[in-house]
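Shared between the two complexes below is chain A, which pairs with chain B and chain C, respectively.
And then the complex of A and B:
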């Protein structure tokens, strides 16, 4: 075993190499804009240079003269599209701001024209030559701008149902022996996946094929059909590989239906590849947030009162919010809890999911405050977490299905060398560098969604697994192949996996870290259906259900001894008995507690995630603990994080190699979020300024010399048949606070606003 | 990007002819219809962004044979303008005698860019001001003379505090130029009337009332070489930045000292990341010369370097930061074991 392929512990699958590794490193993996089209035309977007106002007129003369220009589409001649509601209100859209509908402009960088040409170069040149005459109105950029409105999230966002509270917070806080009140801020951030927000639309008669990086092919298929006013069966979305998503491709953006409409009108396939900076405004982002935390505790560190108030920015049009209080009010034992989430409306594009949407900003606040409380109590921050660890969440008293938080703290602390920390701030250094150690808890809800799969097994063991899941870089192909191979008892190399195509059985959105749990549970179920048919052929007189349970391990995770050792099925014999060469089964799986309309919603592209804090009689989260070493240069105040150590427990680990990779990426992202990533907004114009990779900083290798991931063994039989908790969004949650806590330790300075930059340090 | 013709210059005369023919008296050279292409790391970028719109590209890479030599002599170090940044930074003689040059090159850009970029192109690289690089902002005095400056009261964390005017606060982004200006380099320029030399310090022009004019180069002129007098083994390039690699300076200092028997005989200080042009801090040097080094002296030198600095909304921190960077660079240079 190597660092990249950790030795599996109990309840972990094999660290097999990625199914798509060779295709990816040899460039054979085809992404959306790689798909060959027959005689395509090329689109280039013109986006708004103002954030609010109207377009008075276009001057297109110069642009139209560029050789190869076919058409320039503006609000004056755009295809008419139907509206789609916001995903959280039962629609498919990530924004209800529909460009090209009128002369009005609602945010910076809104699509205001689409140039279609014979080549990408001609389209781009002509777009540069489009002149626009605007009437600009002074926009409201963010929290502190004039003209914003603020209102409680509850009541305006259908997915934000409740501000959790319990007991009497005010009284308990007043009477608490130790009190802490602190405010925190997180910045605007953009996903910046490597693959740009491209789309290619090709009509074949009345059928539309869309090649586009999407984290939800069924959502996109149904959403575009709705906007075009055609039957969803006439739309197919294909994306065998997605070059990163991070939430940015979870809901439909306006670009797709626009391009599809133009392709229909021109009767020609159209390929759109927007630029990096256009990606900042034609898709979503993580909005800036503000928090006030109040903690009351006894002298011995027991929390007696907790209040979390959060505010988030959204667009004028849409009440998007992440509302992380559902997690922060439940993480620790505390009898008196209060919370409130508000939305501030500004002249911005609508924000959306970004890796661990609620947990990243809200846990930054809580886990920073916990560190501040530990300092007030003169207590080791790890011990403060131990004192307030709980088996039941405090709001409804529901038990956690499993919770390895303190085991993670202990493992990570040991690996990190936490015991060597000298507790006083500014007490550790190395030459020019002050050294700080910090830690924080991390967690993410365990979520599941209905999923369907088709499995086809041949006499020679060759297997085909079909499910409209998504390979966004996480390892979906790999673990689906592993799951089928293990369940059917066939060699891994005989399994072929087909995902990323809306003609396949519907899978869930690749969001909320539900994919592994949902798709693997569905594939396991359908594999069992295949085995049942073969058993029935072999043993027609046996009681099928009992026999299958006994010998196939149905209802058990494949890791159990029974499922592993007791596999008497002889494929050749079974196929002979069946008198067939192929067995193919289709099945639909839904998680416990899924609403009645789940399967209907699944087919119509509506994500119905269940789990986390929303379950009836239990609560399911994955946990981890993160430790970081930061170094602050006493002269330049530069901040570096040479060591990141995280320990994580997330139920069954399907593949330690891909799991480690995701968690490592999460730790790096978390560090990046704490120290580097912020989208700068020009307050006067409400425009994003640093909309490129030279100015929107993400880490390079030199920034992350030491990242260690520890996978803990954990078994949870109360979540889903696969026994898996999603971990794609687990690791980047705690890092923000861990970094700030370490900076406090290094410098004695508490920084409550992200990202932390050298000018924020006063040594 | 707009269509352009591409021509390979087979000899300097051809390049000079083509470039000077395309220059128009009414326009700054950066807006001339023909532009020279060396490594292309700035030009291609700005063409894609529609900031630069040449109709002809004159590829001067074929001139490398004559213009890329690295020649350490007994009195001068001569560096051809088409030498690659990476080649210069790895040269044995330069590693021994010019640490400030080596580090100013190594701490610039990524390895891939350093392999492509040339010394001449590097010193000519243009500002990273976000408002300059985004043509959807109309007010940029550098792009559209007289249109105003969006950065002045915009997001200006990366902008300059020295050499600024009320027309422009765009930072000169390079690193290597700080080493050149500190070491009193001469730049050799080839133009219509042959080759001329001038102090490197006279190459760049502070924005003043005409931020669109960035250098004193005449139409058709190309940088062919740099000459660095003397040897400077006691020299340092210190760069403070947000990220550990591949990132522009928030503040940097090029320092070269000649210390004999504990007394500073000669001192050179140049600043990067804080000024509109490569910036020689002669006031700081004056504080240092003839003195015994201690931390108080370093502080006085640093204060002198930034005496005229003016911050705006987001970049005021660069003044305090810049002083600490100068002090630390001086300390490091003094502590060097030669």
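And then the complex of A and C:
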């Protein structure tokens, strides 16, 4: 057994290798642009060189002379497309800015032409020969630019329902023995999944097949159908493998319907592979945010007042926001809480979900402020969290379904060696290196969405599981196979899993860390249906419910342990009794509290996530604690993070191997969000500057010498049948604060603006 | 560039190719439209196909290619070997890494014509009779990937890293594997995989 496959603790599945491991190491895993097409034409995008204004004219003569050019599509001759509403407002789209609709330009890098040619090389050549005459208007780039507008998020974004508050914050803060007011900033960041934002479209008669990396094949299918004005049954999205998502592929981008429309007109398959830099402007991103935190506490560390005000940038067209106050106002016990989230509109493309969208920026602010408060109180920051730990969230008083925050702190502190820390800043060093230890809490809402599945069981035990889930690197294939094998009592190697295809039963968007809970709960339910049919054949006179319960633990929650194969069905006998060779069942599962229109919405590709803080009489979150060591060179100010240690509790762990890998990647993402990642914007032109992998810094192997993940055993019977909380977005939260807290410890300098680079250190 | 003169057709010659390549270097590879007027006219239409034979995974493949075609696009678009991935097309991410001879190269920055006559090995050429290469097996054992998109490039790079003698310490592995970006950040597991496979690869 390797470090990659931790020994399972209680309420954890087996750390089996990935279902898709061999396909991925042999190059046989097929991603969107790997799909073979019959005689494709190649598309290359031309994107806007200004952020605001109009196109006066194109000069296409030079471009059209390039051998192999078939067509150049601009707003003057583009296929007409219908509008789609913003994902956050009940639609499919990540932006309502529809390129090629008019001569108007709303942001830098907007698609303004598509060159179609016989080869990729010719399309690229011609695209570079497209000349554009613009009338440019001075754009507003970000917070400090002239011409932006600012307004409260509430009332303009349907997903942002309230600014949480309770008690009398102003009075309590005024009267608090210890007060802290601090402002924080987080930068623009881009997902930069390794797979580019490719799209291949092929029509067969009036049916469209789309090969595209997507985190929501049902959303994309229905969204493209809506834009093209055709029946959704005529659109199929296929992507058995997705080369990373991180939120960038959850909502529809404008490129897909454009390419589909052109392919239809040309009557030929089209393959588009945009460039890395185009990915910065044709999809979404994490917008820059600003925060003011006010904390009031008693001398013994009890929070008495907390206020979190956040501001986020969005586009002129769309009121996107992440609104993380729903989490930061509920994390700690505090009787007087106030909050406000505002949206600032600038001439930018519309931002969107990026891994832990609300928690990464909002917990950076809160968890930095908690550390500052601990310093003011002369208190160990771990103890400050312990003093303010709670079993009920303070806004509505609802109980957490389970909460292992302090257990995570204690486990991680032990593994890290927190006790060896000397509390005073600048008190630890190693030669030229100042050493700092820092920590922070992480949490992420437990979310679920309706999901459907089909399960087919053969007499010989071979099983086929079908659900339109998504393999974005999370291990979806693997845990679905494990779930079915356990639930049916068949060997794992007999289970075949089919996901990533909108012709399969609808699964949820692979976002909000809901996939494992939702898809596994659906598959468990349908496996039970299969078993029930076999039971009925074997035991026609028994009370089905009683017998089923007794024999395989049906109806128990979470029932996976009980359903293990220790008492397997005799399949041969059962199938003989049934008089059939195959049992196939289809079922639709929805979580507790799902809205009435859930199943309808599921089929039409509308995400209906429930859970987290929005549950009726309870609140469900996964928790963790993260400890980091930073080293700051006292002469060069170089900052390194040699050790990242995280302990996490997230309900049932389906597979400790895939769980550990996701959390490990998350910790590294968290470090990166503190020290490396920022998309630089030219304030004068509202254009992204560092839109490539050489200048947009993401971690490489040499950046992460030591990462340790500790999985805590936790059982939660109040969330979903699978008992899983979801952990894909848990580990990259709070890390940014932990790093800044460690930098303070190393240098005595408090840094409140990310990312921290060596030029920000003033030792 | 010394080996590209072997097979020519369509009136292609090396002098014209070099001039064309120099000219195209002025053209940004991205499609940001510019108002810039002045562009040197190509000496010869580079879209005219050129015959080339690539030796890939031990087999000769005869192709007729646009002279600007990279090894990566030749593999993916013309030979249907889609294991090698396009992640940036700028040599910045390493997803397209293949071996040319024993050397690891980013196939997105290598023109197919420049690779003629050399042994190209891709991820598809590693496993023999369904038996995984030790590095592939080590990646499976150590869960050295998540989404898998960078994995073919990581594996090719890792094999070269060992053969170069750069797998002696964890720090060396980290340094010499830093040309391959893994956005899922499976890095510690990649280091463990390289360590596991190294002795077997060194042994041959």
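Details
Simple rule for what comes next: the second predicted complex is superposed on the first by the 753 of 763 C-alpha atoms of A that agree within 3 Å, B and C clash if a C-alpha of one lies under 4 Å from a C-alpha of the other, contacts with A are read in each partner's own complex, and residues count from 1 in each chain.
We adopt the following convention: a contact is a pair of C-beta atoms (placed from the backbone, for glycine too) under 8 Å apart; a residue touches a chain by one contact, two chains touch by 3 or more.
Nothing here was measured: the structure is a model prediction, and the numbers come from that model.
Look at A:669: by the touch rule set out above, it reaches chain C but stays clear of chain B.
In the superposed model, A:635 makes contact with chain B only, not with chain C. By the touch criterion defined above, A:700 lies against chain B and chain C together after alignment on the C-alpha atoms of chain A. By the touch criterion stated above, A:682 is placed in contact with chain B alone, chain C being left untouched.
Judged by the touch definition given at the top, the superposed model places A:33 against chain C, while chain B stays out of reach.
Using the contact criterion defined above for the overlaid structures, shared-chain residue A:128 touches chain B and also reaches chain C. Shared-chain residue A:49: touches chain B and chain C both.
Here chain B and chain C are compared by how many residues of chain A each touches, and C touches more. Where the contact sets of chain A with chain B and with chain C meet, they give residues 47, 49, 121, 124-125, 128, 277, 692, 694, 699-703. Residues 2-5, 17-18, 20-31, 33-34, 36, 44-49, 62, 66-68, 109, 112-113, 115, 119-122, 124-125, 127-134, 192-196, 241-246, 273, 275-278, 471-475, 657-658, 660-662, 664-665, 668-669, 672, 692-694, 698-707 of chain A touch chain C in their complex.
Chain contact summary for the complex, chain C toward chain A: residues 24, 27-35, 37, 39, 45-48, 66, 68-69, 73, 76-77, 80-90, 92-93, 95, 122-124, 126-127, 132, 136-137, 139-152, 155, 170-171, 173-175, 177-192, 196. Interface of chain A with chain B (complex): residues 47, 49, 121, 124-125, 128, 277, 432, 633, 635-638, 640, 675-676, 680-682, 684, 689-692, 694-695, 697, 699-703, 757-759. Of all residues in chain B, those touching chain A in their complex are 1-3, 50, 110, 128, 130-131, 133-137, 150, 153-155, 157-158, 238, 240-248, 250-251, 317, 321, 324-325, 327-328.
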